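Chain IDs A, B, C and D follow the sequence of writing; residue 1 opens each chain.
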Amino acid sequence: MTGSDSSVSIGFCCFEGEEPQINQQSTPAEITTPIIALKGASKSYGAVRASRNVSIELRAGEVRALAGENGAGKSTIVRMLAGVQRPDEGDVLVDGDVAAFHGPADARDVGVAVIYQEPTLFPDLSVAENVMMGRHPLGSGRRIDFRALNRTVKELLDRLGVKLDPEQPVKGLSIADQQIVEIAKALSFDARVLIMDEPTAALSGHEVERLFGVVRTLKERGAAVLFISHRLDEIFAICDTVTVLRDGEVTHDGRTADMDTDELVRRMVGRELSNLFPKLDAEIGQPVLKVERLTREGSFVDVSFEVRRGEIVALAGLVGAGRSEVARAIFGIDKPDAGTVTIDGVELKPGSPTQAMKAGIGLVPEDRRQQGLVMEMSIERNMGLTRLQALRNRLGVIGLGSEARNASDWATKLQLKFQKLSDPVGFLSGGNQQKVVLGKWLATGPKVLIIDEPTRGIDVGTKAEVHRLMSELAGDGLAVLMISSELPEVLGMADRVLVMHEGRIARELSRAEADEENVVRAATGQVAA
Amino acid sequence: MSEVKTRLARWETVTVFLLLVAILYGATTSGEDFLSGGNLNSILSDISEIAIIALPLTLIIVAAEIDLSVASVLGLTSAVMGYLWNHGWAMEMIIPAVLVMGALAGALNGVLVTRLGLPSLAVTIGTLAMYRGLAYVVLGDQAVADFPQQFTDWGFGTFAGTQIPNPFVLFIVLAIVFGVVLHMTGIGRSIFAMGANEEAARFSGIRVKRIKFWLFVVTGAMASLAGVVYAFRFASARADNGVGLELSVVAVVLLGGVSIFGGKGHLLGVICAMLLLGTLRNALTLNDVSAEVLTIVTGSLLLLSVLGPSVTARVREALRRGRGVDPPPTPTTT
Amino acid sequence: ACGSTKEDTQKEAAATPAATEEGGAAAGGGEIKEGLKIAFLPKQINNPYFTISDKGGEDAVNAVKGEYKRVGPSDTAASSQVSYINTLTTQKQDAIVISANDANAVVPALQKAKAAGIKVVTYDSDTAPEGRDLFINQAAAEDLGRSQVQLLAKQIGPEGGEIAILSATPNATNQNTWIEFMEDELKKPEYSKFKLVKIAYGNDDDQKSFEETQGLLQAYPDLKGIISPTTVGIAAAARYLQGSDAKGKVKLTGLGTPNQLRDFVKDGTIEGFELWDPGKLGYLAGYAAAALASGTITGAEGEKFTAGDLGEREVGKNGEVLLGPPTVFDANNIDDFDF
Amino acid sequence: MSASTQAAPTPASPHTTEKTSWIDAVVRAREVSLIGVLAVLVIAVSIAEPRFLNAQNLRDILLNVTIVGLLAVGQTIVVITRNIDLSVGSILGISAFATGIMFADHNVPIPLVFLGGILFGAFFGLINGVMVAWARVPSLVITLGTLYVIRGLDFAWAEGRQINAADMPDGFLSLATTEVLGFPVLPIFTIAAMVLVGVALGRSRMGRELYAIGSNPDAAVLAGIRVSRRVLGAFVASGAIAGLAGVLYASRYGTLDAVAGTGIELAAVSAVVVGGVAIFGGSGTVWGAALGALLLTTIRSALVILQIDPFWDQAIQGALLLAAIGLDAYLAMRLARELRKRRSANRV
């Protein structure tokens, strides 16, 4: 590796000592054959037709966006291109020829690198091994040369501008750092095609910029990039072309330069969207939730604030600032080391979610698959989980149909799209799953609702609906504590913004004071509170 | 897929079907021997202890934990019963005392699993050895066989003139209680939820640790109860009572369609599975099939119980896809 | 005291098996019936010792033109034996010949079998008397216990020393009875120089017995001798001694089969050991069961029956029939035996 | 592969020095702490009973650990992939019996018997592996099933027959007693297997892929690892090692019937757990597992030599196993807390 140092740049580490096989001259994208393409591809999961007759082409030097609502079939396309699944009909073409991928390894062998939507790391293994799994540099006797491995990965991480120890196990990393490992993994080999399924969902603006820098370099070097994100501004910032999906079908394929956000949204949802952040003014009443000097070693220090009736308070900050940890501690999932939480003047016992629920707190957690829902359980049972006591009849037994009644009420109110309430909740699309989580907490009739990343990974249409709901709830006198990494959401929805930086509340901003600059400055620690 | 088809494809249904086949086999090959009341009695009494322990163990496995120490708790119970009886305790005192002891044994498992966060498989392999060891410490090489007649009579006797053994009647009562708790109460829902996704259960305000702890306690107490039944049924208390029974109980629960990964299963399936196993073994023994074949049959049934659903699902998948390749499991994404 | 049974007359008597209900003394000297269903239920079906003994039983049952059958568990749990007893009861066997894993646990099931008219004979390992009609005793427990001590003492010599016992499981009834007699024998003045330092349990498991032997030698460096009154134990102990420095120095005796121990006797690891002939034990049990089931005897003390090649046997106290004194095997005679 | 990688001078990577905190030491030093516990145990016992340290006893401990240690090595391969193999006791049993049969009835030469035993075990491992990997069924259930089935086959095959030392050649039996340079021969097999497997797991791509599979099976698929094939391979390896253990069992104990090795799977699993191999896959080493086996064997031996009442044996062993995993959990908890602290320190 020493000899070839100069030829190694971001994204092109040639561990086998070979020259990068990238087409160095940047030919205009239009004339070349696509490096990889789908032709007339269809794919069904049971009755769900996730992909219908989709054609998409990725050419050298092109960054293409894939846009669409939740469940439009974006990840399905990724899986077909990555060789994880084969299309039921249609073909994958590599350099114009039909390729039969039998597994992800086949796709990788032709130079397809993928960042999947779900984390795909090995928590017990080191950062370096995660990046280089299956491609460890070998020393004598075909044994792995760990020193070379760590060095190579260190170099790669340095180029990405992150301080991560390659020998550290992934287990202890924050979600953002884990995402960076994913990115490093995809960039670690000689990729001709880079596919990224919502790589920025867990990243802060700073890290997103870094990533974009890498993408641009790749593009210059002649790689093809497929980029998926629900943040439309990112699409316009980095992508040359965009493919829009609706219900598994391609509805538009064109240059980003030729369209604007409104048009993109219209093509995605098939209708006009008026107001994305319909925050209504609500009457703000007495403080309900009071947090005083809450501290948890290693996560956050000395956090104090209050939330009033009818108020939406946003907790902003960079990923890893400790916001979710505060929410967990308030709800009692973790036991704080010091400090108190009071609801309507009554102090809560630390570390007891049951007590917190009784006192009227609800928590919509950030990770709905892991924390919010029991995927293989039915919609109605998931909705009933928070109300097991209330659903009992006189005999102490859960009455026949009482869960269904409970669930169908909320399903109607939240306009849930489902087939049967007895279907597993895993059958629903992401946005609808989020509604189930909301519903299960609203059903408890909380006084305070903590919503962690209310719209993470949710498409624009559903997003607007969730925001409308939050606004309505606040209007009905609910105290809402919202944690969000999306600045527009924070600015659009909150009556008050608390900005966290490195485990402390760095600044409190009123709705009037809160603008992009103030929040970012506070979040990055540029102003003391 | 239609409702009926899904239901048919459920493993519990297959178990019921196999049970019917086993009965038919017994009835046609051994005729009146098999169908006699006395034989019914021996089928049912042979599975008494397994059946009693399988009830709480079903709950534990649905909650994605396991308890391998049950047979040792049974043995320890027998040993302590013998010891206390030798020391002049009244049987009316001994029974509650050993039940409490069983609950404590379960509580130790529970504490280690919930408070220290240890994997229950490892913990209960440890207590499997420890409780059996304590049984030897308590009773050594003695066998206590002079329990009062009315108790041993109960263990061996039948219920109100029928051919149903008394211990099995006890089981039926307990089965109803456990069935209701698991399938019709909030606790049951919580058990399913934490078995399928413990974190989500915690985030729903379910007291996961507390419920798990009590599940272990109840399992200990029930294993103890099985120990009492065992001691009475065989009129004998020895330190080695019930050695190796844990594997049979686990086998029965899994055969009944309960997923070892938690979150799935039905108590009726488990009950069918134990009747199936009891009936089949009985019918085979009546036909002079040797012990080794019985072992093979037990093992094969267990294999079938997990392979059956999985293989049919994969075959169905392959047929549907038409292209006949096996897709790697995909992380479901929306 | 009734006369001898005429085993040569094999008349097809169509009486019900549960015929003999005259309590007390002599049954009217009947003949052994043909077609008796006699089932052997050993402690463990795959145990080689029982393979030999039940072969003898089969010979006996065939000789009386009965229907022989052998069932049993593959583990040594009492509970599994019970389900076999129940099955045999359901099948209406004429007699069950059983070696009990637990003297008490099988009794209720055996009583049920008896109530259904089935005769019960125990062999090798007895049950509580109410569970059976006859016990075929391989050797009087007292003889066996004392003779093993005598055998070992002779090998060690008058200077005595530390000795240990390597038994089967802690719960094995017959072993425990023998051990009691061994301890009693050691109380005699001529053994004052002998000291029993430990009773170890090898659980009739090769590996465990092997390691226990090794532990004994480590823990008691001055050990002079080991008695292992179980075939598994003595073989494992011999195998350990053979490979260790203690070979020949630490004497080993106990109960074992000649085939198993022939090599050890020849290479001097073992000087001598004893055992009854297990085949004959099964043979005698088979005849006893046939006699009971035919109603020629009832199991009362003093009754006599003819047991094929073994000649006439008498029922002793407590319904016991004694096989006879054990044979001592040593380098001189071991090649005369093959079992 | 690339020579340049090889030739690269150690760039005295600055980060390697700064992060040698005690946590990393603990993470890597599971084996070290086991050795520590072992040392304390040996010292304590030999103070109480000096004869514990004599050559014969140490040799015996080594011999005793041979078989369970070997099984623990095989078990590690499987456990690392987030599976478990409960059928090893039965595989050992049937392979030991097969060894006896090969000698007694067919006069097979010794090296071929070794090969035969290994292949025999590998065959059953293959059956396990096919069911686990192809049908994607939990291995706990599958191997619980084959535990019964294989033992049943063993019974059916043996039909109550016992094969004795006299039926086997002296050259084979003497493996258990002969020594090379004062070191008994039998444990050499275990050590060889351990080194082979240890290096393969730690330093080959295939080995690292096994860890990856155990750490996150879904991600392993996406990383292009042939998961089914690897898991299948792990079971075949475990079976083959159990087969070898069966041959060694025959050599050591000399008496073979259908019950050989009953229940030994729990000892192997215990050793693996004590040795710090995570039961949920992804971490642990064969060195740890082998040390776990050695520790448990030494404890057993100490109990005998200290003349502890045999009735206490099992209870003490169970309690010690609990203590070992409890300590493990405690250390892990400390580690997690330390990591948390370290994170907060890092941000400042």
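Here, a residue touches a chain if its C-beta (ideal position, glycine included) is under 8 Å from a C-beta of that chain, and two chains touch if they have at least 3 such contacts.
What you are looking at is a predicted structure, and each value in this text was computed from that prediction instead of being measured.
In terms of C-beta pairs in contact, the better-connected of the chain pairs B-C and B-D is B-D.
Look at where the CA atoms of chain B average out and do the same for chain C: the two points lie 36 Å apart.
For this pair, chain B with chain D, the centres built from the Cα atoms lie 30 Å apart.
For this pair, chain C with chain D, the centres built from the Cα atoms lie 40 Å apart.
Distance between chain A and chain B, defined via averaged C-alpha coordinates, is recorded as 43 Å.
Of all residues in chain B, those touching 2 or more other chains are 136, 140, 244, 290-292, 295, 328, 331, listed in ascending order.
In chain A, the positions touching at least two other chains are 84, 103-104, 116, 118, 120. For chain C, the set of residues touching two or more other chains reads 45-46, 74, 170. Applying the touch definition to all chain combinations yields A-B, A-D, B-C, B-D, C-D. By the touch criterion stated above, chain A contacts chain B in their complex at residues 46, 70-71, 75, 79, 84-86, 88, 102-104, 116-118, 120, 197, 331, 333, 353-354, 356-357, 363, 365, 370-377, 381, 384-386, 388-389, 391-392, 396-398, 426, 428-430, 433, 440.
Residues 33-34, 36, 38-39, 42, 45-46, 49, 136, 140-141, 143, 145, 152, 156, 230, 233-236, 238-244, 281-282, 285-286, 288, 290-292, 295 of chain B touch chain C in their complex. Those residues of chain D whose C-beta lies close enough to touch chain C in the complex are 51-52, 54, 56-57, 60, 64, 151-152, 155, 158-162, 164-166, 174, 176-177, 249, 252-255, 257-262, 264, 300-301, 304-307, 310-311.
Within the complex, the chain B residues that touch chain A are 1, 180, 184-186, 189-190, 192-193, 196-197, 199-207, 263-264, 321-323, 325, 327-328, 330-334. Chain C meets chain B in the complex at residues 45-46, 69, 71-75, 77-80, 82-84, 86-87, 89-92, 102-108, 112, 128, 169-171, 173, 176.
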